[in-house]
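Before I ask anything, let me first share the structure, which is written out below as C-alpha cells.
For clarity, chains are labelled A, B, C and D in written order, and residue numbers in each chain start from 1.
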Amino acid sequence: MARRAGPGAKGRGPGAVAGTRAAGDRSTPGVARGPRPSARLSRAQQLDLYYWMRLTRSLEERLVNLYRQTKVIGGLFRSLGQEADAVGSAFALERRDVLSPLIRNLGSMLVKGAKPVEIIRQYMAKGDSPTRGRELNIHYGDLDRGFIGQISHLGDMVPVMTGVTLSFKLRGEARVGLVYVGDGATSTGSFHEGLNFAAVQRCPLVVVVENNGYAYSTPLARQTAVTELKDKALAYGIPGVRADGNDVLAVFDVTKEAVDRARRGEGVTLIELMTYRRKGHAEHDNQSYVPAGEIERWEREDDPLDRYLRVLTAELEFDDAMIAAIDARVKDEIDAATDAAEASPMPEPTDALVGIYAEPALIEPLWYRAGVRSAVAAHERAAGWGTFHG
Amino acid sequence: MARRAGPGAKGRGPGAVAGTRAAGDRSTPGVARGPRPSARLSRAQQLDLYYWMRLTRSLEERLVNLYRQTKVIGGLFRSLGQEADAVGSAFALERRDVLSPLIRNLGSMLVKGAKPVEIIRQYMAKGDSPTRGRELNIHYGDLDRGFIGQISHLGDMVPVMTGVTLSFKLRGEARVGLVYVGDGATSTGSFHEGLNFAAVQRCPLVVVVENNGYAYSTPLARQTAVTELKDKALAYGIPGVRADGNDVLAVFDVTKEAVDRARRGEGVTLIELMTYRRKGHAEHDNQSYVPAGEIERWEREDDPLDRYLRVLTAELEFDDAMIAAIDARVKDEIDAATDAAEASPMPEPTDALVGIYAEPALIEPLWYRAGVRSAVAAHERAAGWGTFHG
Amino acid sequence: MAETTYLEAIRQALFEEMERDESVFILGEDIGAYGGAFKVTDGLLDRFGESRVIDTPISEAGFVGAAAGAAHMGMRPVVEMQFIDFISCAYDMLTNYVATSRYRAMLPCPIVVRGPSGGYVRGGPFHSQNPEAAFLHTPGLKIVYPATASDAKGLLKAAIRDDDPVLFFEHKYLYRRIKEDLPGGDHVVPIGKARVAREGKDLSIITYAATVWKALEAAEQLEKEDGLSVEILDLRSLLPMDDAAIVETVRKTNRVMVVHEDTRTGGVAGEVAARINEQAFEWLDAPILRVTAADVPLPYSPPLEDYVLPQTTDIVTVARKLAAY
Amino acid sequence: MAETTYLEAIRQALFEEMERDESVFILGEDIGAYGGAFKVTDGLLDRFGESRVIDTPISEAGFVGAAAGAAHMGMRPVVEMQFIDFISCAYDMLTNYVATSRYRAMLPCPIVVRGPSGGYVRGGPFHSQNPEAAFLHTPGLKIVYPATASDAKGLLKAAIRDDDPVLFFEHKYLYRRIKEDLPGGDHVVPIGKARVAREGKDLSIITYAATVWKALEAAEQLEKEDGLSVEILDLRSLLPMDDAAIVETVRKTNRVMVVHEDTRTGGVAGEVAARINEQAFEWLDAPILRVTAADVPLPYSPPLEDYVLPQTTDIVTVARKLAAY
C-alpha cells in the first residue's frame, strides 16, 4: 500500500521526517522486515483510525466551548495536530496491553476505551467523573481497559510502566506496556532511571517520545543537545527509531513492530514520533514564543486528519459519504456525552475524606467541621476560577 | 613516544581496551589530532605521575594498617588498581580548575593538593581534620586548591559540577571542571539531569566515568544494557571516548584533550576509563561475587603501577635509584603524616553545633545538655565500632 | 504610589536584586522568553539577557544542583520551580547536598528556590501543594512564606542576600488578589521575624501565607458578632521560627490556635504547638488547637477542595470554642 | 528456641512471606548474590531465584516507581534501600505517585520500602538518617519503625500483607545488638498499635526505635536512683499513630516526655505534642518535653555524634525535671 510523507520541508518544518527510519547502524532496531503491519488492517480498521482521530479532535473542540462557557474548571490541554501520534500508537496495542497516556494522549485513551462522557466529567470536576472529582483533565486510568493515569510530575510514569511490564515478564504473560513521554520529559531523572531499568530487565515496554517541538515554551534545542531524540536509545542499549508522527499509518507501523518485538520477549524499543503542538501548552498560552508562520505552516501542510483523509479517499477509495457518516456519529456521541456530563452532580464534599487507605477508613473528619456544608455553599468563588493556569 | 596497552585479554579481562578509542562515527569526539599531550610532559612530570600513584597506594596501605588497629573509624575504601585513572586524569587539570572526586579518587585529590595528613585525620575522625570530624573518609573539599567534596548520594555531584562550570562560562573564565562518576552511578537520575543540562549549556565540563566493572557487587550488565559506557554520551549530543584507565599516560592524554576542548568553549566530553576494582566495595566486602581468578589476573597482568614502572624504566630510561628515591620519600611523608594525625585531638563535642548557618549561629545548645561532657565520656562504645559497613 | 500586587512585588525584588548585584541570575523552566508560567519573570530576559535568565531543561534536581555549584563559586542563583509541587524532584539535592554544604564542608551555598505554592485555586493534587513541612525538618535551610506584597518583596530581597539557602514559597492564590502600597527605597524584611498582622487580647491565631487572610476575615467576624479581640501572628519565616514572637502572643492572650493550609499530621502546626508547650506552658489557659487541611491529597473539584482546606468559618468555629474554654 | 536478632527477624519475615505468597518479590541494590549491604536478604536468591530477588541499577526513583507499577498489577514488591538515606532520591515518587495512587486513581499500591536507618554507628551525615518525619506529612503512606526483633518480624509481615504502601524503617544499631525468643507460628503485629514497653505511673516516655532502649536504660536508673516509676510507650507505628495509647499513658502519669533520635524541629515529637494537647490537655501537669537530636546533620566523629544524639543521661536529666515540675 502506498503512503506518503507530509509535504517536504526542512529543519523543524512539517514533513521533515519521511516515514520511519532506523537509528543508524549503532543500534540494531530489531524491527521485523516484510510488509508493513498497516497493510494488514481491515477496511473497518482503516475507518476506525479516522473515527478515533476525528473523535479526539471534535471532543477537544467541544471542551473548548465548555471552557469558554467557564464550565471547564482549570486548564484545558489540546492535542490539535497530534491526533495521529496518539491514535496510531494506541491502535497497535491489544486489549490486554496497558498504556500510560500524557496530557496530549486523549486519542490514545479513547482507543483504549475511555468514554467522551468521562472526559467531559473530568474536565467539569463532576462527582461521577472517573476520579470522583479528585483529579483533573484526562488524569485517570482504568486497569480493566488497560490504561493508567499519569501524575503531573513528568517522567514518573516511565518507572511505573517499567514495573507494570516487569510484572508481565515475571508472570510470563504475553502482554505489552506503552508509555508516552514528551520531548521535554526526556530530561527528567525518572525517564532515565525507568528506561535504564526496563532495558536491563528487557521488559516488554514501548516508550513513545512525542517530539512536538516544544516543552511548554522551551524549544528542543534548549532541552537537549541531541538533534534526534531517538538517539537517546543509544544510552540504554535498546533500539531507537523515528517516524512521522502525523502519518497515522506510519505511527501504527512503527509502534506495532515495537509492540510485537516486546511481545516476543526482545525488550524495550524507543520510538520518536515527529509531530507539532499547534496549540499552546494549555488554552491560556498565547504562543508568543513561536516563530511567525510556523503554526500556520503545520496546519496547512501537515494536519494529520487532512493527510489521512487524503489517504482514505484518494488511495483507499473510501467515499465521502462514509466519512460524513463517521463525522455525524462523532458529533452525536459528543452531544450525548455533553448532555450527560452537564447533568452530572458535583461531588459530595465529604467524599473528599474517603479512600485514602484501604478499609477501614483511617481519616477522621475534622472535628470542627459540623457546619461545613454551609461553609462550602458560602465560599466565595475565587477571581481566578476557571482560569487556573496549570 | 611508544606506549603499550595492558597484556591482551578478552571481555572483562585486563587490557580489553587498547589506548583511547573514539565513540564511533555517530559522535564526533572533537579530540584534537597531532602528538599526544603526554609526549610534551617534562621528565619531572613523568616522575610526578609515578609519585602520585605511589603515594595513593601507599597511603591507602597505611590506612589499612590503621583500620586493622581500629584507629580508622568507619569503613575504609580502596582504589587499588585504579590509581592511574585518578592520577592521570587529575594531572590534566590546571591549578585554577576544579574537580569533584569520588570515593576511589584519593589519587585525584592528592594531585589537586590534598595532604596525606588530612586524609588520615579524616579517617580517624580527628578534630583538626578538614571537616573537623563532621564527614568521613575522603569526603571533603577545598575550593582554593580546586576540589569539592562529594556527598554519598551518587550522581549528585554531576549537577553541582554543571553549576560550577556554568559559573565559569557565565563569567568568561577559562576554567574547567571535572567530575568523576562510577559505572553504577550512571544509572542515577542526577547523572542524567546534570549531564543533559551541562551539554545544552556547553559547560566546560569533563565527565570521567570510571568503569571498574562493579557497583558494589553488581556487575555492569545488571546496571545497564549498553556494553560501552562511552555510548551514554550519544544521548546528550556530546562526544564520548573510551580509554585504558590503567595506562596513566593514556588517561592523561584523553583527559587533557577533553580539558583543552572544554577550555576552548567546545563543551562537555564524556570519558570512559576502563579499570578494575581489585578490592571490595569497602574493606569489609569479601568479594565473594567475583568470578575466581579475575582479581588475580588483573593484579598480575594489569597493575597500573607495574605498567607505568615498566614504561619509566624500559622506555623512558629512568633508573632504579630514582624510583627508589620516590618510594622512600613517599614512605617518609606518610610516616610523618601518620604521626601528626595520631597526635591530633578528637573534636570538642560542642563544635557539633557550630556553623550550620552563617553568623550569627542559629542553633541553641539543647537546654538539658549541661552534663553532656560526662555523657560523652561515659558513652559505651558500640559493638560495631570501627566496623561500620558504609 | 500605585498599588502593587504580590506577584509584581516578587518581580520587582528579582529585578532590583539583579540590578544591584550582577552575581544574581535566575534559572528555571520557561522563565525567559515566556516570562514564567505565572509571568513572575516577565521582562527579565529583555533586561538582563540570556546568560542571567536561563531556561532549563525539565530537570529540577539538575538545575537545583547546578544552582548550588554556581553558588559555591560566588554566584547568587535564584531557581524558579514552575509549580512548587515539583520541588519534590529536587528533595534529595536540597536536603542532602544544599542544606548540609556549609556544615559538612564549610562551603556556603546561597541559593534561593522559589515558586508558586498553595491551593484555593482548583489546581488539584499536583498544582496546589504546600511543601514547607517537608523541609522544616532540614537544618541548614531557611524557609519563608510571605502573606503580603510588602513581605514578598522584602523577604525575597533578604533571601537573595542571605548567605544560606532559602526556600521562598509564594502563594499563587495571592499573586493577583492582593495589592498594597509598597515601602520605597531598598525594602528588605529580615528573615526570622514574625509580624503581628492584627493586635488583639482574647486569643491568638498563629498562621502564615494565604490563611493569614482567612484569619483576618474570621477576626473581623468574631469582633463584630462576638466582641472577641483576636491577635494574628503571621510567622512569615518558618525556619528559623520566631519563638520570641510566639511566646509573646501566648503570654498576652493565653489561648492559641494554629492555622495552616497544609495537611495536619506532620505539619508546621505540630512544631508550633511543641514550642509553645516548652516555652509558655504555664501561660496556656486552653489547649492549642489546629485548623488545617484534612489529611488527604488536595482534590480538584470545588466542593472537595473547599471541604479539605481550612475556611474562614472553621476558624470562627474554633475561635469560639477556644474563647469559651 | 534459639534467640533471634533483629536483623534475622527481618530476614525471616521476608523469607516466610515469600514462601507464603508468590506475588511477593524483592528488589534493591546488591540484594541478590551479595545478600544486601547488611546481609538482610542473605540466602533469598538461592531459595527464590533471580526473578523474585532482583538486583537493581542505582536508581531509587526508578525502582520504587517500578515497584508501584508491579503492585498495581497484583504483585507485592518489597524494596530495599541500601541505606535509608537514599530514600530521599525517591521522595517525589513516594509522596506524589505512590501515596496518592489509591486516593486519586482508586489504584492500590501495596509496596513496602525498607532499609537500614538511624545513627549511633559512626555513619556520618549520609548513613545515619531517620527519614520518618519527612514522610509523616504524607497521607496515603504508612510508617512503622520497630524497636524489637519480635516487632520487626511481625510488623514486616503485616506491612507486606497491607493493601497500602508501607515505609518500614529498620534501626541498624539494633540489627545485631538485640535478640529475643520470637513467638512461633504466623507472627503478625498489627500496624497502628503502640506497645507499652514498660509500665509505670510517675511519668511517660513516648518514643520509638533505638531510643526505646535508651529510655529503658534511663528508666532503670531513675527507678534505682530516684524511686521513679517510668512508663515507656513504644509507638512502633508512626502513621497511623496510636492516639488512644498516647492519651492513655498521659492520663495515667500526667507528665510526658517525647524522645526521638531524629532532629527536633519538624520532627515527630511535635506531632505527638500537638495530639496530646488536643486530646489530653487537661491531664497534663507539666509541659511536654522533647529529647531529640540537635538540629544539625549528624556528624561522624564519636564525640560529635554522641553530643548530637540523645543519650540515656539526657533522658534521665529531663525526667528528673519533669518529675520535679
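Keep in mind that, in the parts below, a contact is a pair of C-beta atoms (placed from the backbone, for glycine too) under 8 Å apart; a residue touches a chain by one contact, two chains touch by 3 or more.
Predicted model, so just to flag it, every value in this text is computed and none were measured.
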By the contact definition above, name the pair with the higher C-beta contact count: B-C or B-D. B-D
Relative to subunit B, which chain's C-alpha centre is the most remote? A
Report the inter-centroid distance (CA atoms only) between subunit C and subunit D in whole Å. 31
Rounded to the nearest Å, the gap between Cα centres of subunit A and subunit D is 41
Averaging over Cα atoms per chain, report the distance between subunit B and subunit D in Å. 35
Taking each residue of subunit C in turn, which ones touch at least two of the other chains? 57, 59, 61-62, 85, 88-89, 92, 96, 100, 103-104, 125-126, 139-140, 295-297, 299
Contacts with two or more other chains, residues of subunit B listed in rising order: 131, 134-135, 139, 151-153, 187-190, 192-193, 196-197, 200, 222-224, 356, 363
In the complex formed with subunit A, which residues of subunit B make contact? 24, 26, 187-193, 196-197, 199-200, 202, 221-227, 231-238, 267
Parts of subunit C lying in touch with subunit A, wherever the complex brings them together: 29-30, 32-34, 37-38, 55, 57-59, 61-62, 82-83, 85-86, 88-89, 120-127, 173, 176-177, 291, 294-297, 299-308, 311-314, 317-318, 321
What does subunit C use to touch subunit D in their complex? 85, 88-89, 91-92, 95-96, 99-100, 103-104, 125-126, 133-140, 239, 241, 262-263, 265-274, 277-278, 281, 284, 286-290, 295-297, 299
With touch defined as at the start, can you tell me which subunit D residues reach subunit A in the complex? 25, 51-52, 54, 56-57, 59-75, 77, 92-93, 96-97, 100, 102-108, 139-140, 142, 162-164, 192, 240
Okay, in this complex, where on subunit A does subunit D touch? 131, 134-135, 139-141, 143, 148-149, 151-153, 156, 158-168, 170, 189-190, 192-194, 196-198, 200-201, 355-358, 362-363
